[in-house]
Amino acid sequence: VYAVAFSPDGKRIASGSADKTVRLWDVTTGQELFALRGHSVMISQDCVAFAPDGKFLFTADWSGTMKFWHAATGEESTTRTH
Amino acid sequence: VYAVAFSPDGKRIASGSADKTVRLWDVTTGQELFALRGHSVMISQDCVAFAPDGKFLFTADWSGTMKFWHAATGEESTTRTH
Amino acid sequence: VYAVAFSPDGKRIASGSADKTVRLWDVTTGQELFALRGHSVMISQDCVAFAPDGKFLFTADWSGTMKFWHAATGEESTTRTH
Amino acid sequence: VYAVAFSPDGKRIASGSADKTVRLWDVTTGQELFALRGHSVMISQDCVAFAPDGKFLFTADWSGTMKFWHAATGEESTTRTH
């Protein structure tokens, strides 16, 4: 695991790992909610972040791919490269 | 030390280090409160985080093990792998 | 991408990457707003930060160069070395 | 520069660098306020943090030395090892 972030409401946590996925977890139950797939290389250290209003999750990887995800559904919103 | 986090109320700090433990410290006195044992490899950089309400502490290591801890008692709550 | 930060109002995100630029993005549209140029080496991991009032963006690189930027315009404000 | 943190009031920023010092800067003027000396090895990545009330600054290095500093004066408060 290379990056973790709590959602602003504290109910969920996101983890980025060597398997190239980002996963969302329910803090109370420990249940996995979503596996966000789409990055083709490892998530960068500390490059998983929730928007302050909790609606979007932002992730970035070592190849320069950045993705916005809808935090409520785990759907990918936008991809950019930097 | 590879990861540090203040509790939201500012009274405690958590540190993750090469000895595989996470330790909780009283900010005012500098006293060690708890040594959280259970990770079998080093804590990942920046992968120690308090929940916004301060009740849970989340830690993750390089092998993919993630743990939730009760921040008030230092007891382990849940373990997951990613 | 080695560093990401949401603006405090959640409307923008800053990314630091191997191309030595820092870029500001509109969260809603995914549009690139500014490319902040001036660092001559890679941005350090996790060394992109918005001031709490959102007016300034702070960035630092591996050579010790630190820069303050006006977040609204992308103009460089101050450079220091550490 | 390996670690940066804004003070909660946004008036100062702390930087940790390869010279083993942590420096506090005035955000508005860019002036260096204090050089915090005492770490004998490099500050760890992302291991510089202000307490939520802004009174203390916490720093940690790769050797396991952790220090609390009075943020207002730059004086060292406590040293611990982890």
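Labels A, B, C and D are assigned to the chains in the order they are written; within every chain, residues are numbered from 1.
Methods note: a residue touches a chain if its C-beta (ideal position, glycine included) is under 8 Å from a C-beta of that chain, and two chains touch if they have at least 3 such contacts.
The structure displayed is predicted, hence computed values, not measured ones.
Using just the Cα atoms, superpose chain A onto chain B and tell me the rotation angle to the nearest 5°.
That rotation is 90 degrees, given to the nearest 5.
On a C-alpha centroid basis, what's the spacing between chain B and chain D, in Å?
20
Measuring centre to centre with CA averages, how many angstrom lie between chain A and chain D?
So the centroids are 29 Å from each other.
Would you give the residues of chain B that are in contact with at least 2 other chains, written as numbers and ranges?
Those would be 45-46.
Draw the chains as points, connect those that touch, then say whether the picture is a line, ring, star, complete or other.
Per interface graph, the chains form a ring.
Quick one: which bits of chain D touch chain B in the complex? Just the residue numbers, please.
Residue positions touching the partner: 44-47, 49-53, 56, 58, 60-62, 64-66, 68, 77-78, 80, 82.
Please output the residues of chain B touching chain D within their complex, sorted ascending.
1-6, 8-10, 13, 15, 17-19, 21, 23, 25, 27, 30, 32, 45-46
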